[in-house]
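In structure tokens below, several structures.
Both of the next two complexes hold subunit A, though its partner changes from subunit B to subunit C.
Let's look at the complex of A and B:
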């Protein structure tokens, strides 16, 4: 294990390459790649890497394709051949890729994709907003939102094991905030290849192209689609248990434990709770610390795994809550924050849950912005429609 | 036109337009970028032809050159990556009175938008398509594009690009219903202006590939062509780009070329794609190729009475 000064883009590429090399003695590593700001540095680093084995044979292939749609299509083809696959994208690139994103999940291929969360355009904006990956909420992929560069690296390794588990066999999307993480360098622990090899079993995809010719895809009649969806839903339902097994294995191999699907902070006696995703959670924690010093019973939850949605964990953690603020760096137009609308129902009876849509388009969410909404929450007698907050430019 | 005629037959007072009337925001391309020359050429053509800004639309996709509409004081549409052509087709199909210019790059047109490129050529709507070809993805900071020359070291091919580049002229001259194909260079403003003017005059989709210097990422790619004009082949003739004899002297290699001869055009494009005798001028022009608008505008001049009479005639066929 070495400590390196890495941006989250490079942390993601480093993790993907390690996972890929750990599959060298099976069917190798690869993916289709296409640049888009603010993700390009991730795929550029992969393009600079050499995946030639000691015998001179290629153990990996990074295909530089002409669009995001093709990038995912290449991953689908490679994954079907049994290869451990990776790609990365962002924002409108994900929007263009969407048809194949759904297809990858329907084919039940354990592809891992890193997404840098960036505002959807037009008008064009390159800063953070979670709306791009939340657009893929119903795509059948697992989704994880990271808070720092170490978590990006760890989660990519972690999700390969989770995605490739035969009880799951689903693709995974690992999300990180544009520029706040993608272009910010942090000291990051990079594991040795032997550790990764110990953590990640060789990929043995049961439905890969092998000696029995079959055609995947094809036509479903309604009852067959029902069966396929039921299987897909069952795989999602299996995730929480496999997730916990992966946490144990990760801790054993790397000496640190990945966070739970929902990460609690100072929740012991908290009656007021702030729920968020991504890097806003760090700012929230600073506000919670200040409020605790004033004797206020406040705590925070960070939703790390968004799909499958951790309903049971949230229900347990919010059992003692009287007031909950849900922060959304996204907006489902015509409804409100996506996290808020998903979380509703996990709160106990008589708990006030207010949605705050904040930091859209990459607005800098600072501690006083969080404090303002905490004050708003405390002063409420009843909930209102989602509040669209403005942060200072 | 389904009742839209009132939009496009709006009567406007006569005015005289100066270059300033076409100038939008201050261009923020890199110093020395070839896009600046194209911007000036287009503004001059519009001024020379006194084209009202409100009757002009510039459509682009994504990339450095796709900032073009921001710098024009006309209608502008900064669209999605690769989608400039279908958006332009949408505008033109319902507003055939508008003068449509498309600014697209080697990434936008030949890579992510290549599917639309083939079909827009076949639709052959009346518009000018300017391919700003700098042989690299510039906006995302130096990745290989389909037109990057073999061996070009980029952030996605650090050891050098290994595939032969796509040649947009060869591709265009193979597409069904192609009607106008030309090539010019950004560093010869007279030829650039004259070529775009010819493209503008042509009725149908006029495709102009502009060899466009990128001083930041591919300075060396066009340097040789720029410094050694003997690498270029000026196409001349009665039906080709006419430039001042003093400008023609710059080109040591000149050839008579009849743009109606698609076989000769393909041969010129093929030779140019090998880096020898890169043709500049009009390779192909055929004004008789059908335009999409020829079909959709049928019946526009028919009066309501005539339409009603026609309808009655048809219904009468079912009379018992």
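Let's look at the complex of A and C:
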């Protein structure tokens, strides 16, 4: 384990390469890639990586294609052949890729994709907004939202083990905030290949292609679709238990424990709770610390795993809450924040849940912005429609 | 060191500001500090203002916000300095600036700050980092940073080695040594101690509001452009090539916009003979036309005729000049008419003298009616005379009369043309039936009813030869042969005239020269010697070399069209023609100016028009009037065809209008050409160098900062980076990049 000074984009590429090399003695590593700001740094580094095996033969192939749609198509083909696959995208690139994003999940392929959250255009905006990956909420992929550089690297490794587990066999989307995380450099612990090999078993896809030609993804009749969806839903349902096993394994191999699906902060006796995702959670913690110093009973929850949605964990953690602020760096137009609408129902009876849509399009959400909404929440007797907050430029 | 420090870096895309922040963070990381560094990006490219931030702390860093209240700032380009750069800087902090200016300049403005200056650009350039024009200063200024913040050179070297920048370390060391700090490092500060509050007020935090949209901060991306586009009206080749100085491109663009009246007005500034030129001009403008090699020149001559034929010639009565001059013009041909027109338009009273019974000169005596109908000529001459011109026809002036004219008038313009006809020195040249073509045409044009028969041979290759040949056919000749000593390619006649003559049945014999005539009394044959083409002469045409190989041709009539020259023997003995003005033998200038073929010998209507206009200006200027004398523009400055974006233009052949069939037209002198049916040909004009407000610049501007603003466009230079795409894409090069 060495500490390296890396951007989170490079941390993701480094993790993917490690996972890939760890599969060298099986069917190797690969993926189709297509650049898009702010993700390009990741695949640029990946394209420079060497995957030559000890026998001098290539054990990895990164294919540069002409579009995101094809990038995912390459991943699908490789994954069906049993290759450990990776790609990365963002924003409108994901929108263009979407058809094959669904296909990857329906094929039950354990592809890992890193997505840098970026505002969907037009008009064009390259900064952070969670709307792009939340658009893929129903695609059948697992979704994780990271808070810092180390978590990006760790989650790439973590999700390979989770995705490839035979009880799961689902693709995983590892999300990070544009620039705030993707381009920010911090010291990052990079594990040795041997550690990764210990953590990640070789990929042995049960339904991988063999020398016998078959048609995949042909035709489903209603009763077959019902069965496929049932299986898919069951796999999602199996995730939390496998997740906890992976946490244990990860801690054993690397000496640090990945955060829970929902990460609590100073939740003991908290009657007021702020729920958020991504890097905003760091800013929220600073506000919680200040409020606690004033003697206020406040706490925070960070939703790290968005799919499958951690209903049970949230219900447990919010049991004592009286007021909950849900921060959304996204908006489902015509409804409100996506996290907020997902979370509704997990709160206890007589709990006030207010949605704050904040930091859209990459606005820098600062401590006083969080404090503003905390003040707003405290003054509320009843819930209103989601509030759109503007942050100072 | 304080528990935590925040740095803000201000640079431009391409200078490496983000990497500079990374170097600083990496250096502090080596000291065991927690570090964080990130750039603040926009969708901007090279040259855009870019910020980067570095946090250094003893504790783990969890702050994910940008840096709003930096302890220290680093400015990689001093042109960025302004309120935005200093915003939020904490008192007692440091500002490191890449600038050739001394530190004192900034230290007095910001007494609460420590200022460091270093000319990192010069140092980096000296060490060859980046290119000579785009110098990458990040690794250099980081050396100055180390000095300012007490980081050792050893630490810096180790950092550079780790990051792969070791080759730039010498530049960093030089900056380390060169940085100037005010107040000097370690000196006691008089400024108030840092109280942790920002030095400059931050914008107030917006209230919790619904549906409020904050405008994004605009990056003034125009500030780093070194060039900028400018709309320019440039010389179109048609204008450059027109000897009359017509504003061809503008009159055609008026037609393009269906403004025929405006087209007539534009032509009227330079020519009173649009109907004439629209028929008989050799149209040098069409030789210059940039469309020529693409799909054929715009039929400018046809369009000029269309304007004349569809708009009534009725010039507005001129306002008299406060000091009207009496100017005599000798010669009523196109040069004299042009001079008279310009003088009358300017409010003077010219008098025109001509030996013929009517004005028009060679237009009337030389050019047959099937090319130039007399009603067209008469109408345009009337238009000129009606402006206020005294006409004295049938007045052939001898030497004495000319000298008297000079005394009686304020000025005299001589436009007597080419009176001396070239004869032929060959045996038998005195036989009957050998006639000068000019005299032949004069007879037909002035009296009519000329009859020819049998085989007519015309000697020569110019327009007179073609006119003779075609007139002879119409006058009854059974066949007509034109014998020319060079090849068709070298014939000075208008190519269309040659084509039409051949269509009508004229036979062309190339590379023959007359060696003698046969016959007793009347000519009955001609001996033609074969000519070989020798090396080119001064005009670029190959010099003909006459051989002794003779062919004999039976013929009944011979017309000589071998060229004309000025007859200076008609001038008073004490006068001498020197270019455009006449002088006495004792070098004193006369009030006499020459115009048309007498001055230039160019031999075309359009040259005569330009020359007459110029002579009018010269005469007025000599009389003390502040007038602009017409000058031919320099053709070399015209927009070249390579500047035209032909991709913007669909290929379309020129319109030629309708023509009488060659069988039909031989029986009379009716006009052969009916002219264009409409002015649609104007739509083919590229409008070289003249903006047509086609919106291409606006559409292609990647920044979207060109907008329509009468009469053309306006570029928002605040955001124009000077990429030059608008200029490159302009279909007609009505824009250029200029240094900003």
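Criterion: the second predicted complex is superposed on the first by the 391 of 393 C-alpha atoms of A that agree within 3 Å, B and C clash if a C-alpha of one lies under 4 Å from a C-alpha of the other, contacts with A are read in each partner's own complex, and residues count from 1 in each chain.
Please note the rule applied: contacts are C-beta pairs under 8 Å (C-beta built on N, C-alpha and C of every residue); 3 or more make two chains touch, one makes a residue touch a chain.
This is a predicted model, so every value here is computed, not measured.
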Residue contacts on subunit A - larger count, subunit B or subunit C | C
Kindly classify A:210 by the partners it touches after superposition: subunit B alone (first), subunit C alone (second), both, or neither?
-> neither
Scan A:67 for contacts with subunit B and subunit C and give back first, second, both or neither.
-> first
Which of the two partners, first being subunit B and second being subunit C, lies in contact with A:5: first, second, both, or neither?
-> second
Which of subunit B and subunit C A:124 touches, first, second, both or neither = both
Now for A:285: first (subunit B), second (subunit C), both, or neither, which partner does it touch?
-> second
In the overlay, answer first, second, both or neither for which of subunit B and subunit C A:231 touches.
-> neither
Using the superposition on chain A described above, determine whether A:96 touches subunit B (first), subunit C (second), both, or neither.
-> first
Which partner does A:43 contact after superposing on A: first (subunit B), second (subunit C), both, neither?
-> first
Intersection of subunit A residues contacting subunit B with those contacting subunit C?
-> 37, 124
In their shared complex, subunit A is touched by residues of subunit C numbered 22, 25-26, 29, 34-43, 61-66, 68, 203-206, 208-217
The answer for subunit A against subunit C in the complex is residues 5, 7, 37-38, 124, 126, 148, 177, 179-181, 183-187, 279-280, 282-283, 285-286, 364-369, 372-373, 376, 387-393
So in the complex, which bits of subunit A are touching subunit B?
-> 33-37, 40, 43-44, 47-48, 64, 66-68, 92, 96, 122-124
Touching subunit A in the complex: which residues of subunit B?
-> 62, 78-82, 111-112, 114, 137, 139-141, 143-144, 146, 155-158
